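Shared chain: chain A. Partners: chain B in the first complex, chain C in the second.
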Partner chain A sequence: MRVLLFLLVKEFQQIFRNPAIIRIIFIMPAVQLLVLPLAADYEVKNVYITVVDNDHSSYSHALVNKLVASDYFVLTGYADSYAQAMLDIEQDRSDLIIEIPGQFERTLVREDKATVSIAANAVNGAKGGIGASYAASLIQDFNTDIRTDWLQLPRYNPYPVIAITGSNWYNLHMRYDLFMVPGILVILLTMVGSFLASINIVYEKEVGTIEQINVSPIRKYQFILGKLIPFWIIGFVVLTIGLVISRVAYGIIPEGSFGLIYLFAAVYLLAFLGIGLLLSTYADTQQQAMFISFFLMMIFILMGGLYTSIDSMPEWAQVIAHLNPVTYFIEVMRMVVMKGSTFADIRSQFFIISGMAVFFNVWAVLNYRKRN
Partner chain B sequence: MEKVITAHNLTRTFGDFTAVDAISFEVGKGEIFGFLGANGAGKTTAMKMLIGILSPSAGSATVAGFDLVTESEKIKRNIGYMSQRFSLYEDLTVMENIRFYAGIYGLSLSAIREKSSSMLERLELSGESKTLVRALPLGWKQKLAFSLAIIHEPKIVFLDEPTGGVDPATRRRFWEMIYETAAGGMTVFVTTHYMDEAEYCNRVSIMVDGKIEALDEPSRLKQQYHADSMDAVFQIMASGAKRSE
Partner chain C sequence: MIRQFYIFVKKEFIHILRDPKSLLIIIAMPIAQIIIFGFALTNEIKNANFGILVTQPDNTTRTLTERLDASAYFDLALVTDNMEDAEKAFLKDEIKMLVVFEPGFEQALLHTNEAAVNLITDATDPNTATTLRYYASIIIKDYQQELRDAGSLPYSIETNIRMLYNPQLVGAYNFVPGVMGMILLLISAMMTSISIVREKELNTMEVLLASPLQPFLLILSKAVPYVILSLINLTTILVISTTLLDLPIRGSLLLIFAESFLFITTAISLGLMISNITDKQQTALFISLMGLLLPTLILSGFMFPIENMPKAMQILSNAVPTKWFFIIIKNIMIKGLGWASVWKQSLVLVGMTTVFLTVSIVKFKPRLA
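Entry: the complex of A and B
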């Protein structure tokens, strides 16, 4: 116990003397939370369109006005021909071409139907696809507008219509920040656990001080606890800073209890510190540790449901996602922050993470050798 | 004389490379035992086995009366070690380093206070207790590292090329510290490739290609090889080496 105390004192002295770690603790949460949720937004805005208006009629103008008046589309300009419009696409000035055929108004009035073609630049698939469907629905809307114009108070509606009204539970206004922020909080803790801890231990290997520790009577578990506890505490500091930032910057106040978030974070940090520790037993240089944890982070983050829904992944990918600790914490964080879930709701995730924490730490301790 | 280290056919292989090839020797209490050899001869590997951070592939040894394989944790309470790289925490102050190393060997807080002030005085570092080790000159770091390696008064202290890279005057003073330590009854096991330092040892062993080729007092080795210095003895021995860096 006394030995552990001396180890902890030494560890904290080193941490507080290292400006890089202090900066990471305070700046990393701020940057990630302030920048990422705003940038990583799926809502497609600013779709640039080039219009080929072969008709120049009042209806064609009305249609273009309707598109441009929405928040989604920005008019790059008019083109005289489809080929000319393609130039805008090729030079990346436009995402979408709307071609209105000649005689558009006339055919619409006389024959009750007309065609408008939409060509999308699918290099940026999401933007092309979503842009085209926004445009289609606006044109549909335009269609309904003229129809009601023409019908002039029918005695009955010839087309029965079921109108659908939805309400988005737990995220009423479909705010992306409400969805992203809890996930980013998880990523922050993940970084502290795997990155900082593994680099710290490998650093001692690199400069050779670990040799001095290994010839001393310090026990394996004392050394490991001496490394885990400081980063565990740093994790809580980072989480607290993160929660304060999400409160101040986004007004996000967890629906559920803070206690539950901290409880889950405690176990989650242990799991990731175990992974960090394990990494450090395999890596000999900080560079190696950094590359391996960078590689793991990529997989953990991309397969953790931060950006993409796990339910829509192929089955094999879902299996991987469920081996990923990040998945569970993101799930739990969103449940607690958005829905106000209680311990009963997150019990299974809690036990899975506890199991992972035990698994990785036991592996790490077994693999840490004082003697080669 | 009481034996504090006995090695019997101690061997360590890495794959099919035999770094240390069945070495046997004994070291007595209070002796300054020089462990010489060219780079790559296997001295550091042999020493790492004795301090318990490398397992032997074959053979046996006792250190401070404990078996190397089965009682390595007990050995660790009774030895001190100073590596080539000094192993001080460069981002801690002199005092913080002292407190840490004394603390992990179980010294009480009052003992730490007492020891550290007398140590700082002896090293003429009293004014530097709050200085980061990083800022100390190499010679001071090395003396501090040595003092820390023996702060828990071990039976044996292992020094791995302790004087690498320091100036001759500092080396002389360092050897004075070693003499004082040995005079107090502590055994000093030191590897070096400075042959003038070999002259200061009570006995030396010379390793060539993983084997101990000679082991005796410096004066008798010189006699035996008809050489006038240890350097000349070493040249004769090392000329037979096949391994090099």
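Entry: the complex of A and C
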């Protein structure tokens, strides 16, 4: 126990002796948490349209007005021809081209049928696809409007109608920051923890000080614990700063309990620091350790469900996502903060993460050799 | 002079080759990442679990449920007749949407021509919530249209939809150019900054500085091997994108390489700048990773549309080199446009490179301590 205490004192002194590191582990996450969630919003809105109106009739005007009046579409401008409208698409000034054919109104009235063309910039498939279907459904609404004008439909429904209403649970005002802040906090916490842990032992290897520890009577598990505990504590500090920022800057008060967040974080940090230390025991230089943890971080972050839904991934990618500790913490964070889920709801995630924590730390202890 | 420079470049290569683990990571990492992200990342929404709450099941509710379940967007995960079960499922994250049919749904539809359905979504993620409700509405409306026998309606406007550049709506078309920029930027900046700071930390920098080679050439000799490594990475990424991911290269390959070379130079100058303001590998690594990873991911525009951001963020995003590179690659590779469409973005990158290099040179100290 006394040995461990000395090790802890040593570790803390070592960490706090480098003021640059302190700035980075406390201030950088705070700043990023303040700034980045504001930018993270991929809801499809502000779809820019260029209209090629070859008809210039009252119907074509009404149709364009209908589109522009909705929240989704912003009119970039009119173009004389399709080729000219394409320039807007190429320069990213527009996402959609709506082309109304010549004699649109006349054909519609005389032949009962007319066609409007939509061309969407689908480089970003989701935006192109959703934008085009919104436009199509608004055009359908417009169609119903004029049909009603012409046909003078009776007051009660002559056709069966399914009335669709909707409710948004847990996020009444559809605030995107409520969704992003807990997720980004998890990522920042993970980055700080894993990077610190992964380069720490390697640093001692590279500078040569690990020899001194290896010849001392310090046991393997004591050494690993001595490395683990300081980062664990730093992790809690970062988490607390993050929660304070969420409260003050975004007004986010968890629906569930703080205790549950900290409990989960405690186990999660153990798991992640375990991974970091494990890397550290394998790598020979800080550079190697960093590259590997960069590689893992990219995968963990992008496949953790922070930005893109895991359900939409192919089977094999979902398997990877479920081996990813970040996935579980982001999920739990959102469940507890936004929905007020209780321990019973997150039990399975909790046990999986506990399992990972044990697995990686035991492996790290076993893999740490006192001789080369 | 040239000979000395050549020798320094050679020394740097020997350094790199002597550490096969790092080299393997540098070469293999982009390959793995582009494959994983090319296949796995999509901001489409598919296979979302949904539940239905129905107290009196009938043919219509069954048909509608089947229609939803059969679509690529939804998977049925819960059938219940009470709200408590549904709430529990929401709390456990088992369902993203709940379809509530009013009691006596079919009867209402047959006799009064109107029946109500409520779509409750888990709006934790507002985007998924809106999209799911939209998809479900379309499926329900299609069914309703069938009931009416739509063919006979007069005054029909048809819509003819075309998806430009990416008719299959493949996610990779958007993600690959983005991830490509990220990988090139992070790896180049990180490698360069470490290689210099490392010499400082291990005190070998003194020796180098005492050599007859000018400091400027000394730094340049450190950059050359990493430019070459990055170009190798670029090539593997392009080969994988076109073969495995079936991405088109519609514009000029030469232009892609020229632009990427410019971008790699930008990244390496950024790395040089970082290495000049730090003297510990840990710090350099932290800045290049913590400082670059999330901001490039979020602000470069391939994840989150820049036009959705608040004004201040939109301005800030201009400082992110990957934003410009993303536009350039997208325009050349996917849209097949030429130099005329990317010269402005290229100029921005040239400007950034100049700034980074100037700061590096001004801050560079030919003597340590």
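Structural remarks
Definition applied: the second predicted complex is superposed on the first by the 354 of 372 C-alpha atoms of A that agree within 3 Å, B and C clash if a C-alpha of one lies under 4 Å from a C-alpha of the other, contacts with A are read in each partner's own complex, and residues count from 1 in each chain.
Operating definition for what follows: contacts are C-beta pairs under 8 Å (C-beta built on N, C-alpha and C of every residue); 3 or more make two chains touch, one makes a residue touch a chain.
This is a predicted model, so every value here is computed, not measured.
Of the two partners chain B and chain C, more residues of chain A are touched by C.
When the shared chain is aligned, chain C comes close enough to touch A:Asn143, but chain B does not.
By the touch criterion defined above, A:Ser216 lies against chain B but remains apart from chain C after alignment on the C-alpha atoms of chain A. By the touch criterion stated above, A:Asn18 is placed in contact with chain B and with chain C alike. In the superposition on chain A, A:Leu7 contacts chain B only, with no contact to chain C. In the overlay built on the shared chain, the residue A:Gly129 is in contact with chain C alone; chain B does not reach it. In the superposition on chain A, contact of A:Gly208 is made with chain B only, not with chain C. With both structures placed on the common chain, the touch criterion links A:Thr285 to chain C but leaves chain B unconnected. Shared-chain residue A:Tyr176: touches chain C; no touch with chain B.
Shared contact residues on chain A (touching chain B in one structure, chain C in the other): 18. By the touch criterion given at the top, residues 19, 21-22, 25-26, 29, 32-33, 36-37, 39-49, 88, 90-93, 96, 109-110, 112-131, 133-134, 136-138, 140-141, 143-144, 147-148, 153-171, 173-174, 182, 186, 190, 194, 198, 278, 280-283, 285-287, 289-291, 293-295, 297-299, 303-305, 307-310, 312-313, 316-317, 327, 330-331, 334-335, 337, 341 of chain C touch chain A in their complex. Within the complex formed with chain C, the residues of chain A that make contact are 18, 20-21, 24-25, 28-29, 32, 35-36, 38-46, 48, 89-92, 108-109, 112-130, 132-137, 139-140, 142-143, 146-147, 150-151, 156-172, 174-176, 178-179, 184, 187-188, 191-192, 195, 199, 203, 283-288, 290-292, 294-295, 297-299, 301-303, 307-309, 311-314, 317, 320-321, 331, 334-335, 338-342, 345.
Partner chain B is touched in their complex by these residues of chain A: 2-3, 5-7, 9-10, 13-14, 17-18, 207-209, 211-218, 370-372. Considering their complex, residues 51-55, 72-73, 76-77, 79, 81, 83, 85, 87-92, 96, 99-101, 103-106 of chain B touch chain A.
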